[in-house]
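Two complexes, one shared chain (chain A), two partners (chain B, chain C).
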Partner chain A sequence: MSSRLRRALVDAGGALVFPLIAIVLSFVLGAFIVLATGNNPLTAYAALVRGAVGSPTAIGRTLLGATPLIFTGLAVAVAFRAGLFNIGGEGQLYIGAITAAWLGVTLGFLGALSIPIVLLACVVTGFLWGAIPGILKARFGAHEVITTIMLNYIGIYLTTYLALKPLRTEGLVPGTDAIDFAARIPFIGLGLGRANYGFLLALVAAVVAYLLLWRTGRGFQIRAVGLSPGAANYAGMGIGANTVLALAIGGAFAAIGGGVEVLGVYGKMTVPFVTGLGFNGIGVALLGRNHPAGVVLGALLFGGLASGAQEMQFSTDVPLQLTSVLLAVILLLVTATKLVELLFGKRARALAGARLEKGLG
Partner chain B sequence: MDEIFGAPGQLLASTIRNATPLVFAALGGMFSERSGVVNIGLEGLMLISAFAGVVGAFLSGSAVVALAFALAAGLVFALIHALMCVTFEADQIISGTAINLLALGGTGFLMVSVFGAGGTSPRVEGFGEVPIPLLSSIPVVGPALFSQSVLVYLMYVMVPATFFVLFRTPFGLRLRATGESPEAVDTAGISVGRMRYYGVALSGLLASLGGIYLSMGILSAFTENMTNGRGFIALAALIFGRWNPIGAAGAALLFGFALAVTFSAPQEAIPNEFLQMIPYVLTIVALAAFGGRAIAPAAIGKPYRKE
Partner chain C sequence: MTEERTRGGTAGVEAPVVLEMRGVTKAFGPVKANDGVSITLGRGEILGLLGENGAGKSTLMKILYGLYSPDEGEVFVDGERAEIRDPKDAVSRGIGMVHQHFTLIPALTVAENIVLGAEPRKGATLDLAKAIKDTEELSERYGLRVDPRTRVADLSVGAQQRVEILKALYRKARILVLDEPTAVLTPQETEDLFSVLKELVADGLSIILITHKLGELLGISNRITIIRDGKVVETVEASGTDEGALARLMVGREVLLRVEKTEAKVGGPRLSAEGLVVLSGAGAKAVDGIGLEVRGGEILGIAGVDGNGQTELAEALAGTRPAESGLVRLDGEDVTRVGANGRQGRGLAYVPEDRGAKGLVQDFSLSENNALKTYDEAPFSKWGWIFPKAMRRRAAEALRAYDVRPPDPDARAGSLSGGNQQKAVLARELSGDPGVIIAAQPTRGVDVGAIEFIHRQLLEQRARGKAILLISLELEEVRSLSDRVAVIYDGRIVGEVGPDATDEELGLLMAGRTGGEKDA
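Take a look at the complex of A and B:
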């Protein structure tokens, strides 16, 4: 084994230590919660696993759930690499969704040809929307954590307005007109149920994010600003420009996620629309150590839990919201460096902790 | 004007009611952030307390028990945040985000477990209005300011009280010093960790007052995600008010006014959705105008490690 490969494997192993500890601890805690509801944790978890990966349909449901989370996870991860916290994935996804709902109908006559155009439009609107907190930060020093959260609400109200007033159609469920089936992202088939090719697009997006961050000069600058703003500034890299760009690129990723949900799953934007995808993207990114490959793994875990939760609620009477609690606990523990040190000694922390601390601006 | 916004007295009363949870949460955030711990979990602290209060009232029928439930829930969640941030040196923003998700998921889970269904809880006896004799009979201002729930009067008291504690007591001095220069505090023989636990615990107690006022002062039931961003708006009020209790309360009143307008402005003239955006837009404007120049406690966000 070459030394480079070995180092990469040790690095990957180290990066997995924290998330795995967090996942195991949260499931142990979850077992007590299940016990408290008067159910057998083993039965509940067996149903959870069965519902996530027990059959091709279950796997399809997991992939379907993971797809938007890969996009919103990337939205968080790219910004995080520049030392920025993008909590605006929810609003950014909505902006993409309304873009797709509108253009998908308007360009529906083009059939499948409209799909790339619509998704490209999502990139543009998401990029512009995502740039807003970047500009507010770079120009006015407004903290992006609060501005992105506020922009979530603004984005949700704005898209609600558009879906209910100018784009509203007659129908039982309030929302936009349905997009022609020929202009939607097709199902994968293979017995995977409603899973669509959006999942493959999400994988492509993860590769693009990787190449962008690690194989381009601009990506180098974004990461340099995240690692050491002072040094990046001294080297002549504009902190402001890279701040705006990182948040804008993040916004574009989340917006494609919204576009894929509309083109692949719902075929329109309803009011209310699916919620929580942006927020869960934060958990996905943190669990995946803000690396595109980790984001994919994290999204598959989240998607699997969401899919399994339905089976769990069906066959035991544990409310499916249990998985939201598990995810919150995972998130709570995933950066607790000192906890790992207390449990497993300083070496484990040195192995696992060093990389994360570098990533946090 | 009257037919557009209702009588001025009504708008003022509504401003006070909407500002109250924000003031409590902002004052809570002040104790936490002044000690050096960022608390973006205020939203979750309010939400879990709003829920716990309703459960307490549902089980006992007593407002006092409800209040005790709310304070306990806020305190427990705040202590989880402190445990993560102070003891385990976790990232404070991530821990706060997790607290928010835990409160959202946890209340969703418990709604089903306790009340059998999600959405809105059964109605409970809320905090009624207690008019203060004489003061409440002042024209216009009287009914708006002094014909409110006991929690609103508590809010009036808490603003100067927080100011006094922070700036006029040894405890306040130590707390502020912990947020500015933990090394100096440590050298003086005071435990940085303990001061931060106190700060975060106080933020939990104060945020829980805001939470229970939402579910049992304004409404008489719990609705899922009923905080709807108020914890974050409170955080912006704290920054806008430059980490000063009086300033933060003033900013919270401004945001409370924006929320009040949202509920009382005419629906036909401006689409509802745009009115509902106002508080959030205002928050961004306030941050952009003042956020950059506000000076945060120097050691905020950094875990303290003894050398």
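Take a look at the complex of A and C:
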């Protein structure tokens, strides 16, 4: 038992080695960029950290930013466990957003009671929407990367049309009607600013994703299909059915993310709506090694950097975009394992888990 | 630890020593895969490496080839200390390796595969004509027959292996390591391979050969180093020993090289096929109208040269590949339209020939693999939830019962040695008390001790009234276990003989000469 615990800890530690090295390296690199802009890196980074976790409001901002990324990160991670690349998080999130914007208004008279109903509806629409590329793959062999990318466009334009035409508000700002405050996800309070209970929902979603993948028969199948289609087929598992399900479940996660943004943050779907959450979810999942716990940590990093960047830009001359550079470098290093090996030798790589050696037979 | 070296150590090498590994130690966590291993290899010599599954042979060779770095120990090439950090270092030292699992790219041609990474160039482009010429020259010189222009995907296993060897030779290898090269070869292909190896050593190359087939090792090697539990037990001259002695040295006890078979108590038919037609992946008729019947308490052996439809037959019977037409019956019930899952639920066990890609999920733990087919049944599951603890407990029992090493349910399947992976598959398939067993190449890559064990298990199942279909390329195995032997050729059963059929009889049938016999 204790040896298993130790192994689990070593595994978790190993999984963290790469991201941590990557983060440190990116900050070192970023320091040179800050220097080049004529600023003091220490002041800039101090402002960055302050803006991310320096006060309850800052923490609230970080949580607020991390929330949708946890959902879209899970959308990528679950599909990835089945060996599929879900690039469709953006469109799936929009589908959830429009579902929530429409139902949130329609069911607004129910007050808080409408929240679970609306979110459940997001699960359904996201699931169905996510199933489309799954069916296209299982039936016709269409590659999910292509179809999910294309479905992003369809999803974004479809929801934009719905928000601008049938569901358009009377008001000045283009978009849907505002949802009744009673029917929105409430703020957490505690001085955390606009952070809402959506963050807790995201944590619950991560736990659900974990349980689904590692504690249910369906998750067992999804992981088997992802790791070895040949062995899964041999064991009598349906490859097609699991492909459809994994993408559909991913879609559902992203869609709740959209629903939570509407119910918790904006109260409606404006046009233009927030962009990039789906795509950043890919980065979050990469950083989190497609593990729900990793996804949460990755999303917090993304959220923290975004929130800290505002403070940094405010109190120094360093532009917001520095954090995009930092993130890009982090992702590059996390994915380019060979590079880290070059920099730190094989030992770092070995530490990062025997997993990497598997290809050597 | 080098004092372990006894008679036939360095002393046995007459030719100049080209390679010496000294005191090599390598641990994976608590497992010491190599523990102070020292070997020497003379020029023009074939050194056999022998040892049980998991003894550490592949690990030692992977260290030599720079795939693993040793915790301790040194490597000397031509008397000079060699620091081998990765395969590139190994290649530059003249070391070549043919892995147990091939590393070729199926979509490329033979010539392209051979020169890949060391391409002859004309300006900035690949000089394909030169690549083809070089390949032809090499293959001519050593009798490694293969057409440089064919795509690797279209080659037989034996031919792919020749490409692997050519690849090493193209990189000027003078020390060639072959890890279980004959496990996947037919007897004829093995003979061809060995004549190539003899050519190579005559030309001054030195070879390290790993195989579990004692007869082969005695026939071709000069000396044999025996490894047990990561340590060198002894190095012996091949001319001064025999199979029994080798088996004793590697296992540490007496091994029965042939198991005793009791009288068959044949019951009713349990697994049968009628007019079965199955397509291969490429769409050709791989199985072309096969009818067969296996009764309880008997073993029906299927003999034949590889690639005559055995794989497709097994898969169609097990339900992992659809039948184009025909019938499959399990205990009298028509299961042609029932999937693999349903057939397994009706008591069918299937040991697939390709344990790496089918029998196991390499990145699953052993306990997950042990539950690969039963994860959704009690006691592993209830209402869709699975219980890893129950899986672990059951796996621990099965692994211990089948002597899988290490018997650790949390170990990743891919970290096991080849033979132990095979035992893990058998443990899963046989421990569920199946009524019908399809066993394809059940002893591929396992050591003599484990072969004895697996054969005993199969015979025990037979004694308990189970119906067993044994598909094997090893004629010896088919003959010693089966009650009846059906010979498959070109997707058809061309004849059925008793287990005492002569080599000639079987050989003729396997070559497709039926002599007017009717279907089995």
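Some points to look at:
In the analysis below, the second predicted complex is superposed on the first by the 351 of 361 C-alpha atoms of A that agree within 3 Å, B and C clash if a C-alpha of one lies under 4 Å from a C-alpha of the other, contacts with A are read in each partner's own complex, and residues count from 1 in each chain.
Convention: a residue touches a chain if its C-beta (ideal position, glycine included) is under 8 Å from a C-beta of that chain, and two chains touch if they have at least 3 such contacts.
This is a predicted model, so every value here is computed, not measured.
Taken together in the superposed arrangement on chain A, chain B and chain C clash. When the two complexes are overlaid, the chain among chain B and chain C that reaches more residues of chain A is B. In the superposition on chain A, A:Thr99 contacts neither chain B nor chain C.
Within the superposed three-chain model, A:Thr335 lies in touch with chain B and out of touch with chain C [touch as defined at top].
Contacts of A:Phe279 after superposition on the shared chain: chain B is touched, whereas chain C is not. Of the two partner chains placed by the overlay, only chain C lies in contact with A:Arg4; chain B stays clear of it. Judged by the touch definition given at the top, the superposed model places A:Ala231 against chain C, while chain B stays out of reach.
After overlaying the two complexes on the shared chain, residue contacts for A:Arg215 are found with chain C alone; chain B is out of touch.
None of the stretches 95-103, 113-121, 149-157 or 437-445 of chain C clash with chain B in the superposition except 113-121.
Overlap of the chain B and chain C interfaces on chain A: residues 360. Chain B makes touch with chain A in their complex at residues 40, 80, 84, 87-91, 93-95, 97-99, 101-102, 104-106, 108-109, 112-113, 118, 228-229, 232, 235-236, 239, 271, 273-274, 276-277, 280-281, 283-284, 287-289, 291-293.
Of all residues in chain C, those touching chain A in their complex are 28, 62, 67, 69, 99-101, 319-320, 339-344, 350, 352, 354, 357-364, 368, 371-373, 375-376, 381, 384-386, 388, 410, 412, 414-415. Chain A meets chain B in the complex at residues 33, 37, 85, 87, 136, 139-143, 145-147, 149-154, 157-158, 160-161, 164-165, 279, 282-283, 286, 319, 321-325, 327-329, 331-339, 342, 360.
Chain A contributes residues 4, 7, 214-221, 223-224, 227-228, 230-237, 346, 354-355, 358, 360-361 to its touches with chain C in the complex.
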